[in-house]
Each structure stands twice: as C-alpha cells, then as structure tokens.
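Just below sit the structures, each encoded as structure tokens.
Two complexes follow with subunit A in common, the first pairing it with subunit B and the second with subunit C.
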Partner chain A sequence: MSRKTLFIITLLLFFSCASLWAITAEEIIAAVDANTSFASSHSSGAIITVDRFGEKKSTFEAWSKGDNTSLIEFTSLAERGQKILRTGSSLYLYYPEADQLIRLQGAALRQSVLGSDLSYEDMTRESSTLASYDATLEGEDVIDGIQCWIVKLVAKSRSSAYPIQTLWVDQERFVVRKGLYATAAGRALKEMEVIALMEVGGVAMAKESRIADLLKRGSSTTMRIESIEIDIPLPDALFSLENLSW
Partner chain B sequence: MVKLALRNILRNRRRSLLSAFAIAVSAMSIILLLALVEGMEVDMRTNLIAYYTGEIRIRSSQYARYERYHPLHLSLDDEAITTVLERMDEVAETSGRISFPAALYRGDRSRPVLTMGFDFTRETAFSNLASILSEGRLPHDRSNELVMGAVLAKGLDITVGDRVTLLASTAAGSSNAMSFTVVGIVKPPIGSLSSSTLYLSLERAQHLLFMEGRVQELVVRSTGAVSLPALAGEIAALVAEELGIETETQAFSQLNEMYGFLRIAKYIYYVIALIFFLLGSTVIINTTMMVIFERMAEIGMMKALGMDDGKVRLLFLLEGAFISAAGALAGVLVGVLITAVLSRVGIDFTEAMSGIEMEVSSVLYPSITAFTAVAVYLYGVAIATLSTLIPTRRAARIQVVEALHYV
Partner chain C sequence: MVARRSLCILALLLSVLTTAGGAASVTGGLEFANTITVDSQGTFSNLFLPAATLTLASPTQGNVRGEIRIQVPPTVKSTDWDGFISRAYLRARLPHGRLTLGKSPLSWGDGFFFNAAGIVGRRFEAYRSMAGSDSFWLASLYLPIGVFDFVEVVALPSLTGSDVGVASRLYLSLGALKAEAGYAYQESRHTPYVSLQGHLGATWWLSTSADVTKEVEELRLSAGLFHSFFLMAGGTISVRGEAMAIPIGKEGGLLLAIEGGYAPDQSQRLSLSSTYVTRTEALVIGTGFTLIPLEALTLQATVSATFAMWSFEQAGLSLSSSWVF
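Our next item is the complex of A and B:
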C-alpha cells in the first residue's frame, strides 16, 4: 500500500468516525425536552411585566403532572385566587367571583396572560417538540460566552402558533439559552432569552427568562422561578375541574 | 303693473301651473331633504349627550393617546372632580362612567361586548335607562346585576333572570371575571348599542376592574348659560387649578367628527337646493320665453304707447315672481305637511344601518324649524325670480318696428 493510499484511507476513516460522533438536531431537541420533563413538580415564582405604563409583578404557585397537566394559582393581590388549569389540550380559567369556569379556545388562546408577553397558547404547547416540529441544525453560536447550537424548528401543522422557531441550545447543559419565534413568512413574533439557570435534579433549567412580544412596542416579561420541587406525589384530584374552586 | 302681471299669468293657467309645479316640487324636495338632515342632527345630538359623551366629557389628558389599549389606569377621582364641578353655577348635572370591552360567557358560548358602568341615579339626567327598559328593572347598587341591549339578549337567547359571566382586563393590568344576573332588557335607539352593549352599576364595574372610587370619564350637562366649548375650557382650568390634574375636557360637538360633518352637510344641502331651484326655474325660463314670443305684438304695442324697457322687464319679472311665490309656497307647505307626518311616524332605517357604527337612531324622525321653512321659501322665490331675468332681457330688447311685424 502506497503512502498516498494509506493517507486517503486514514482521512476517510476520520470523517466517517466524525460523522458518527456528530449530534443531530433531533437529538439536541430530544435532550432539551427530556431536561424539562418531570413526572410532577411544584413551583412558585413571579411574572414581572414592563410596558409603556410601568412595571407589574404577579406571583404564582404552580403544580404539574406529566407533560400536559398543570395548575397555576396566582397569589398576588390583584389576581389572588385566580387559577389556570391545563388538562390535555384544554385550558380553563377560574375566577373567585365567577359562577362558571371559562374554557379558552380558538382565538381566545392568543390573549395575553395578565397583560404579559405570554399568551395562553404559550402555556398549551406540546412538551414533545419533535411531534410538532421538524428540526434542522443551522450552525453554532456563542451566547454570553456559552457555545450553543442553532436549531431551526419548522412546524408540521399550519395551525401552530409559531410556525418557525430558532433556538440557541447550550451545548454543555442542553438547555435553550435563546429563542426566536416567527411566522411562516419569517416575521419575528416573540423573543426569549434565559437570564439565569438553576440546577434541579441534576439537570439545568431556566430560573429566570425574559420574553418579549415583538408586536408590542416597549414591552417585556420576566419569568422567575423562586422555588421548585420535582417528582413529588400529587393527587390527580388536584387537576380536576371539580376541585378547581377549593 | 301688478294687475297686468296677474292677468297675464291667468291668461294661460295650465302653463302657469306647470311652471309653479316645477318650483313646488323643488321646494318640497329641499324641505324633505333638510328635514331629514335636521332630524338626523337633532337625533345625533340627543344620542351623543345621552349615551356617549354628555354635553361635555372629562377624561385624563393622557387617555386619548393610549385609547386603543383601553388604559383604565388613566382614571379620574370621581368624588374629587364632582365636588369641584358642583361649585360651578353653569354645571347642572354630572355623572361618572366607565366603559370597557369584555368577553361575555354563557355556557360554552362567548362574544365580545361593550360594557358600561353607570351610576343609574346620576344617569337620569343623561342616558335615563329606565325610559328605554323594555323588560325587567335596572340593577340595584352593590348587586351583581346588569341590563343588556335587546338585540344582544336575543342573539344569545338570554332572558331576564339568566346568569352570565363577564371577563375583562382590569386597571391593574390583570384580568378578572364576575358573574351577573340579567335583571332587565333595554332598547337603546342606536342599533350598535342594542346589539353589543350591557350596563351594570358603576360600583360593580369599579369592583370588577379594581377601580374603587375611580372613573374613566365624567360627563357633564350644563345649565345652558354659556357655550359648551367655553364651559369645557373653564372646567379644565378649574380642575387643574384645584386638583392639579390635567384633563381632556371637551364639548360633544368637538369630540364627534360625524356630528361636525352633519352640520357641514346642511350647508352642502343648501348648495344642492340651489341646483334644484335652478332646474325648476328652467321651466319658468322656458315658459317666459314662449310667452315673450307669443306676445311679441303686444310688447311692441306697449312700447309704441310709451312703456319703457325697464317696465317691460319688470312686467315679466313680476309674472315670474308671482309664479315662483305660489309654487314655492305650495311646495314648502306640502313638504312641511309630509315632514309633520314623518316626524310622528318616523322612517325606519334599521336594515340600511345594520352594521354601520354611527350614533344615529335606527328610526329617524325628520324635523324642520320655521326658520328653515321660511328660508327655503325665500331662497326658492329669489332664485326662480332672478332666473326670469334672462328671458326678460330679451323682451326689453325688442324693437317696436320688429314687434309690429307680428301684428
């Protein structure tokens, strides 16, 4: 074997191994989803919205079970006792002075939660991203000194709230550091950036993140998790419509 | 000369009647047109004052800038401003209001509505909802009760006694919902109010929206002693001086563009009236021309006997004036008579105005003032008489020798 042939074979072997080691966009997103999925959780935190009229802080307590069941109860004065229950793809609002539960559907899901940059639709997103989106790896970038993959997600369904998402995923911790959410035509709708991370059950997750609705000028919302417990026993009744008014 | 003119008019009665008829039709059309516009203006003024802005509306100076966001936090202290207003001799009545968009839920059905928080006692001087109640009663204070427009209630199959839930954005920037019992159905004269508006007590609206003691706006009714824009200026100055609050205080006519357009429209209709009368006058011009040619020998004879050009012109001018006066009088009288009937019966524009956002009632009652009727009459007589100047110039220019050829 000539020295030239040996070099070519070595080069081919190197590239085939490299391709075996390379991570795919699907694997990155699956890892991100796995990091944010818990059997159950109980957390408390705050939503701070800054807009042209000033700053508003709302505090909450939240419980979740599985991927699609959650309950949020607001504890701040202006919203005390109000609850949002998500069971599957349904979203219910409970208000202490209302006889009936309000089931949000259709265009009503696009309304803002407490005047923030978050919509109710944002709260009903599927936890399995790959079930709803096709992912492609677009490249790499550095966010706040952290090496990130840039993953582009294109919605499989036309009814998706954000047909195109671009995520900057931390290469070390598999957590989204930044996200850009856009229409099918590429018009940016929302922007999200993680300000602080925390370690929960051995995995990293966002402690504080800022979301800006780019259609609302001068508005941004900071979501801060003050405390969180995961994989704790929670009764199913906690998430039932009957028990919403306790 | 007058006798001669009258005798000439009666010579060919059919032709004179035709000329007078043309003027009469023009005068009647203009009377009806102006009666409709005046009726619309009066109706709009009444509706604006009752349901929308009062005679004068006071809001936070910043409200208009952010109005599309429904900035309920840009509110006013109801009691403090009312105390200041009560000391003003020119202010007769005041009422605090909150209007806000909400989603109305009943079972699985929901629809957007405009909700008004009214102090029903103070509102007697403005909207006086009791007068448009078609069923039930007005809400009691501190009770979760409301009344709603008849068309809205019918659309949602709601009757008195049903419960509904209202979801709205609050002044604190959050959302809140409360359930209410429908205790009455109202029939506001404006279609859009009937189809999308509901009314609850001001205190309940303040509770729902976290606005205790605050109002979005105050409406004012004056004693009529001073002009409304001047009074609005005085109120703004006094509130700023005594409470240190900058407000946007304006008269209803300054706030509603459509009302301004309607007032301008009246003048446009006077121009249209000119065209109507000119068209009507063509019949008089034509008739006078024919008369001049028919009476060429007579004109020549009168001129030969010493009647000068001016008198010939005056004779024909008088004939035109008498025909115009009679025609315009008949037209104005018929127009006023029809208006009197329509002002009682009304004209139903419900179908035509469905879906149109305008502060005008679905059923309009035309009205005409004596001043307008007299003005139209004089206007018609003047234009038609002046029109006859054109053919009379021809009569005056006739030479005796030329005229005697027709003998």
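Our next item is the complex of A and C:
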C-alpha cells in the first residue's frame, strides 16, 4: 500500500468521526494536494481547444518528478517537437524550427499554451496550495449528483495569478470537481470542471477536464489524459536544457 | 565538392531512416505568398512565391536522432544541393555531451528585428533576425555544465574554401538572468560577443559584438524590450521595441524598430510595426493581420509603405498562406 493511499485512508477514517470533529478547509485541501502529488509520472494526452473557428487538437507526452519539475513535449503535427520545461519557478520553451530556447518570465507566463485556455502560469502553480493560499470552508453543494465541499482560497501573495479560487471538492474522493478562479476584486477569470475521473495508484484524479478562459468569448479547452504511469524511475537529466533542446 | 556533399546528405538520410527504426515522421508544408508593389512612379509589380517542404525526422526519444528537410524552390539561388536542403543533421548523445553533424539551425542571442549576438554567418547578412534563424553546415559539440548551463563548440566548414570557421558560446542561467558569452572566428575575423536577457517589469535583452581583424572593424550593440498586457475585456496587447547601434563600421548608424500587436484570441492577430534606419533615412511602416482558421493553416495579409529621405518610395500588399500536413 502506497504512502499516499495510507494517507487518504487515514484522512477518511479521521473524517468519519464527524460527530467528534468537523473537517476543516485546510484538511480538505491537504487531501486534494496529496491526491495530485506523485513522486514521478509519465503521461500522454490531448489538449482540445474550441473557439469560433472550430476545434484544434494538440497531443502531448509529459513527464514529471516531484511537485515542481515537469517536461511536456507536443507530438501533434503543427507543433511537433515543441517542448516546455518547468523546474521550480523557471519555465523554458524550446522551438525546434529555430533551435531556440526561450525563458519565460513575468507577464509572458500569462500567455496561452498553444492557443488553449491554459496559460504557462497555470503550469507553474505550486502544488502545495496551503503554502500559497488561506482556505475557508464556505459550505456544501451537489455537482453532477456528487456531494461537494465548497472551499474558498485567498492568496497570501499579491503576485498570485488567481487571488481568489473557489473549489468544489468531492467529499468521497477528495478531488476537485469544479473550480472558479478570480481576481482579488472577485471577477471570474477561469472556470474548470472535471468531466471524467480515473483511478491511479488507488486514488482518483481527473481524466478529462474542461477549462474556460472567461475573458475569451466562445472558447474552451478540454484536457484529456489518455494514459499515465506513476512512481516510475525517471533520470534527472530528462529535466535539463540538454534534453529540452535534444 | 558537390559529390562529397551529396554523399554526406545520402549518408545522413540513411542514418535518419535507420535511427528512426521505421517510425520516422514525415511532414509536408506548403506556402504561397503573393506580393504586389507600387513604386513612386506608379509602376506596379507582382511577385508570386510558392514553396514546398518535406521533412523526415526520427523520434526524439533515444540517443541518436536525425532530420532531413528538402525545400523547393531552393532557399538561395543555387545550382547545387545546398539550396534545396533546409536541414540535414544527425545528433548523437555522448557520455558527457552530444554531437551534431550536418546542416542544422543555430540560434544565439536574442532579438526579433536585430540581434548583435547572432554572430555565426554574419558575413552573409548584416542583421540576423531571431525569427529568421538560418541553418548552417556544422559540427557542433554541446557540453552541459549544469541543468541550465552549457558550453557549445561549433566548427563551420567554409563556403568559399578559404578556411574553416569556429565558434563557441557559454550559456549560463544566473537566477532570473540569462547570460551568453561567445566567440567566432570566420574568414580571418575574430568576433566576440556578450548577451544578457532578464525580466524587470518587461522582458529585456542586451547584446554586443565586435568584428576584429587588426583593428575593430565593426562594433554592434542591440537592445530590446517586450511586454504583454492582458485586457480584462479579453485579448492581449503586446509591445516590442528594439534598437541596434553600430558606432564603428562601414554601415554605421542607428536602427530602430517598434511593433505593437492586438490578439483578440489565439486565432487572430493584428499588428502594426515600423523600422527606421538613420544612415539611409529609410522608414518602413507596416500593418498585418494573421488568421489561423484551421489546425496547421495560417493565413496572413500585410500592407507596408517604404519612405526614403522622407519621400514615398514603395508600397506593397502581401498575401500568404502556409499549411503543414
């Protein structure tokens, strides 16, 4: 039994004693983070963007190690060989057409990834949510017949991409079913909803989710994981500039 | 010379096919561009430029990979193979680095309009743009010295038969700063360069290089700023400003460029740009619209006007499309 599964079971046992203690927003978010953190992973999938001109599909292969290190390589025709390397707060792009390395910083991180509703900044968010946000439990709601907690997150830092987040967390599986991402003034910027779940390593995670940039009219992006392996050995050299520009 | 190069290309092609293990990807590209110009005398001219490319590439996994790209018509007016070959290289991982042999793109320094750090191949073009990075026949050794740092050493065969060029650069990531320092020796010229790139509110870059023989023949300094603004009403505005100063050199002076763009979404972009060269007092103003209506299909329309010594010289309308399949 993996440590993560043990952690989730412990949490569930702990929360089952609801008559003695009520669950807190911090405990919910800690369980969600534990569900989405792997020692390493290798996945493939697709990003499908729909806008006024129709549907565009980009396929990718991705590798991750720990919470802050990942490499994505696009495999679809139009952007074949383009790669994104993220380590810590650094994000590098590689364009094979010009053999060009680009380091993204500041406002450039808010640019869209391949025209989708996802930004590069979305990819650099810390996986330890509680390190960056204060959480409060706002109540309960039902999403697609699933009982959810509503958790409001308020950013501790002014530099956060989404100062306010409202998350609908599945009470059974501790997975986010829906998210609303807003400015400090409360203006909604992005909306995310999970369409399908899958079981990976004994825990639930999103197999397919839809993200809509609310500042773009008539646009939405579906992110679909086709396959995933977790806790596999990956060499450190995979996440280097050498491999990025290979 | 032609026979030797043909043999090299054939060997590379075979290597790409064999390293691909039957899984090589084949990509085609078609481009059509039509430009209509009218000069100050009212004379019209029309130029139609079609182009087709075929790319054969082995998978990016593994320790050996290669790529061949054929372009028709050739990129330069040439009767030998060279103009038809956009790229033809074989890359192999070594215990402490990697080796690239063949014709491969090379992009050093930063800058969309001007790049003082683009020192390789400068003998053919005064100002090499970042976007128009070319491929060169080379043998390149890439030596990582950390996760984000490396040394690159390049040998460049001479196209004139006089001598072989060599170039090298050190690439360092120093916190939020990217630093490059390098040197090239081509056709009896020594060309050192330094390039810095960072972020301070906006992304900035700064480069300098010099061509030295017995004395400094040309000194170049280029700088640029780029920033994107995300509108709450939707869309993005991007602003780019660049300058190149040549205080020492036959074609000295100051070159300025500014470009602003508005993209309501990722499928459309409207841009307005202007470049000015003090030496010739040449001003070019242009506006363009880019549309990506389908996956891998890009349509572009640009209108430009050129003024010399503040007098109208030429106006042009260009329509182009590119499709990858």
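The rule is short, and it goes like this: the second predicted complex is superposed on the first by the 224 of 246 C-alpha atoms of A that agree within 3 Å, B and C clash if a C-alpha of one lies under 4 Å from a C-alpha of the other, contacts with A are read in each partner's own complex, and residues count from 1 in each chain.
Following the convention adopted for this analysis, a residue touches a chain if its C-beta (ideal position, glycine included) is under 8 Å from a C-beta of that chain, and two chains touch if they have at least 3 such contacts.
Model, not experiment: these values are computed from the prediction.
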item	value
Fit or clash between subunit C and subunit B when superposed on subunit A	clash
Partner chain(s) touched by A:Gly115 [first = subunit B, second = subunit C, both, neither]	both
First (subunit B), second (subunit C), both or neither touched by A:Thr24	neither
Subunit A residues touched by each partner, larger count belonging to subunit B or subunit C	C
Touched partner set for A:Arg217, first subunit B, second subunit C, both or neither	second
Touched partner set for A:Leu241, first subunit B, second subunit C, both or neither	second
Contacts of A:Thr136 with subunit B and subunit C, given as first, second, both or neither	neither
Touching partner for A:Thr87 - first (subunit B), second (subunit C), both, neither	second
First, second, both or neither for A:Glu97, with subunit B first and subunit C second	both
From 109-117, 145-153, 163-171 or 181-189, the subunit C stretch with C-alpha clashes against subunit B	109-117
Shared contact residues on subunit A - subunit B and subunit C	49, 52-53, 56, 78, 97-100, 103, 108, 114-115
Subunit B residues touching subunit A - in the complex, by the definition given at the top	66, 71, 73, 103, 105, 107-108, 110, 144, 163, 165, 167, 169-170, 172-179, 210
Residues of subunit C defined as touching subunit A within the complex	25, 27, 57, 60, 65, 91, 93, 97-98, 104-107, 130-131, 133, 142, 144, 147-150, 171, 173, 176, 178, 197-199, 201-203, 226-236, 265-267, 292-296, 324-325
List of subunit A residues in touch with subunit B within their complex	49, 52-53, 56, 58, 74, 78-79, 82, 93, 95, 97-100, 102-103, 108, 114-115
Contact set on subunit A toward subunit C in their complex	49, 51-54, 56-57, 73, 76-78, 80-81, 87, 90, 92, 97-101, 103, 105-108, 110-112, 114-116, 187, 215-217, 219, 236, 239-242, 245-246
